[in-house]
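Note that chain A is present in both complexes that follow, paired respectively with chain B and with chain C.
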Partner chain A sequence: MAPTAESGNGWYVYGVVPAEAASRELFAAARGVHASGAVTLVADGDLAAIASGVPLTEFGEAAIEENLRDEAWLEEKVRAHETVLEAALAGTPLVPFRFGTIFRSDDHVRKMLRENPHLTDVLERLRGTVELGVKAYLDVDEFERRHGDEAEAGEGGRAYLLRKQRDRRLADARASFVNACAEESHARLSSAAEDARANPLHRPEVTGGAGEMLLNGAYLVRVDAEAGFKDALSALESRFAPDGVRYELTGPWPPYNFVEVER
Partner chain B sequence: MSEARLPAQHEVTLLELVDRVLNKGVVLTGDVTLSVAGVDLVYVGLRVLIASVASLEEERA
Partner chain C sequence: MSTPAQSTGRFPQTTMGGRPPAQLADVLERVLDKGIVIAGDIQINLLDIELLTIRLRLLVASADKAREMGIDWWEGDPFLRGGTALESRLKRLEAAAGLESGNGKGEEEEKGG
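== the complex of A and B ==
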């Protein structure tokens, strides 16, 4: 990485929308990732980029990677990116871009739109849908209360061995329950959705007190099928809550999980 | 089931945002584009941060 300090302004692109549906009034209330640049649309042909001006002293290649290490900066900018896209989500299909895609001029933004005509097909595929997130957690204590038999009381070798055996049985039962519940949950939710992704689980040190994560799913749901999706989720909840499973629904999100990623 | 737009713990929410905003979405080559290494660094930083917050909360509980 060349540590040359950059100057001047760039165009930060949040995502792409159909030019015909988009109006800059959608973003009137949304603040962009930098106070100096209002959120606007840069159109070329059928497509328009949601963009705002940013100083390259803060968003240049070297600067942005440095700034990402500052948690306060990261949080503010990531939230701003999301807020701008949510403002668009209400009024139009949209292809969200990953954070930190920046062009040196509006001509470069237009060139990007011309070079990516397939985005029109992606927008068509996404029309009328939203992304919903579902995470499921297992409360391990509750699971063990429900599935464990009474602990062998008393001291001595025999009681100790019985306790060890019981702990091993419980651990096995929990592992197979977690697998079965995750599979069943993802299958039921997927069948109520157009498309689905099962993302990597967060490790226990990250989920903290929430419990053991067993599902980290993203679902592309038709707006007119959202009620059916929530019914499927309620049914899962009724079925698995007694075992200690808790579901968390988030969204609607811009369809981050349903646009191809070239990583 | 929580219907809330944002989960209560703000750190987990930030992770959820980062999971989407930084880790997903279309990646097109701009004049400036984050490197994969840059994104991975954010994860390393966040995991350390969240892990320490979680253990602090457990100590308090």
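== the complex of A and C ==
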């Protein structure tokens, strides 16, 4: 039921870099979202788009709708998108594009660059920074071991009620601890960063063995301040580890979380 | 098919030691949901992004490997939270995408075979 099938090639754009800093050498080892198109740069003025050719039979309007429903396809392409940007990351500031920005010709890519001169400012703001991710999890058992008082032994109504009360106290204590720990962690990490985002938490069913997620943060950190950021993280670790909190540092990432222009 | 060039070696390496492959959830969260939105000629519009995130969620929801893959991030998405509104929206999205099997209405009967 596809509308009209398209043929020919389009240009998939991964992100934008300053034309002067960028070299296509950066992408020599990176495979793009489609094997047929090598990753290259399409420049206009001060800006260059990181792009590769894609067949419209796969990435055209009708085809991509179809392909997006194929999770294996999607995972492969999303990972390719990320890999290309990571290759660029080490060598130049870059503005990552959201997945699936496709143009019908390189002329259209150049036109896009001309029409978005503010990308130059975004690049300037990002220069010398990296995005780091910090997730924090609470090991609930650990927390309860530390904060629970002795279980009331014995049978009978009174012991039962006391146990109930204790469970409720423990749940309250955990809830307020989680809030306080998340707030303080985010505040400390933010103060060691240029910019910060607290993203939605992943739910316990899926974080599974990792514990209850209490922080899913992204931080824009100056490269020369990275050591300080890690110190702040270590300080949090020593402070909250005894309560059962574990931190996970990821990155450096392309600065996905810090390129949003108001929309 | 190019050689694994070491072209980035001369740049200051800011990674925390050898970098393990990123968790899919972290990559999806960023590549699909963050990053700058620029209108392309063939743009995946927001509706489609929503649709595909929901579909990914459905696809992995029943799979045991959902956990180890860590595919969950949309669970925290305000858009995707909240019971019945989601259900009906989901139905509309699926219907819009022509996922219902032929006979109109997009009504979910049993998922026979």
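Observations
Keep in mind that, in the parts below, the second predicted complex is superposed on the first by the 258 of 263 C-alpha atoms of A that agree within 3 Å, B and C clash if a C-alpha of one lies under 4 Å from a C-alpha of the other, contacts with A are read in each partner's own complex, and residues count from 1 in each chain.
In this section, contacts are C-beta pairs under 8 Å (C-beta built on N, C-alpha and C of every residue); 3 or more make two chains touch, one makes a residue touch a chain.
The structure presented is a predicted model; accordingly, all values stated were derived computationally and were not measured.
Aligning the two structures on chain A places chain B and chain C in a clash. In the superposed pair of complexes, A:237 makes contact with chain B only, with no contact to chain C. When both complexes are overlaid on chain A, the residue A:28 reaches chain C alone and has no touch with chain B. When the shared chain is aligned, chain B and chain C each come close enough to touch A:101. In the superposed pair of complexes, A:155 makes contact with neither chain B nor chain C.
Once chain A of one complex is fitted onto chain A of the other, the partner contacts of A:121 are absent, as it touches neither chain B nor chain C. In the superposition on chain A, A:69 makes contact with both chain B and chain C. Of the two partner chains placed by superposition, only chain C is touched by A:91; chain B is not. Within the superposed three-chain model, A:201 lies in touch with chain C and out of touch with chain B [touch as defined at top].
Across the options 60-68, 78-86 or 96-104, chain C meets chain B in a clash only at 60-68, per the superposition defined above.
In the superposition on chain A, the residues of chain A contacted by chain B and by chain C overlap at 10, 13, 15, 56, 59-61, 64-65, 68-69, 71, 74-75, 78-79, 81-82, 95-104, 108, 112, 116, 119, 133, 199, 202-203, 205-209, 249-250, 253-254, 256-257, 259-261, 263.
For chain C in complex with chain A, the residues that touch the partner chain are 2-5, 7-8, 11-16, 22-38, 40-44, 48, 51-52, 55-56, 59-60, 66-68, 70-73, 75-78, 97-98.
For chain A in complex with chain C, the touching residues are 1, 10, 13, 15, 23, 25-26, 28-29, 38, 56, 59-61, 64-65, 68-69, 71, 74-75, 78-79, 81-82, 87, 90-91, 95-104, 108, 112, 116, 119, 122, 130, 133, 199-203, 205-209, 216, 223, 226, 230, 249-254, 256-257, 259-261, 263. Within the complex, the chain A residues that touch chain B are 10, 13, 15-16, 56, 59-61, 64-65, 68-69, 71, 74-75, 78-79, 81-82, 95-104, 108, 112, 116, 119, 133, 199, 202-203, 205-210, 233-234, 237, 246-250, 253-254, 256-257, 259-263. Contact residues of chain B toward chain A in the complex are 1-3, 5-7, 9, 12, 14-28, 30-36, 38, 41-42, 45-47, 49-51, 53-55, 57-58, 61.
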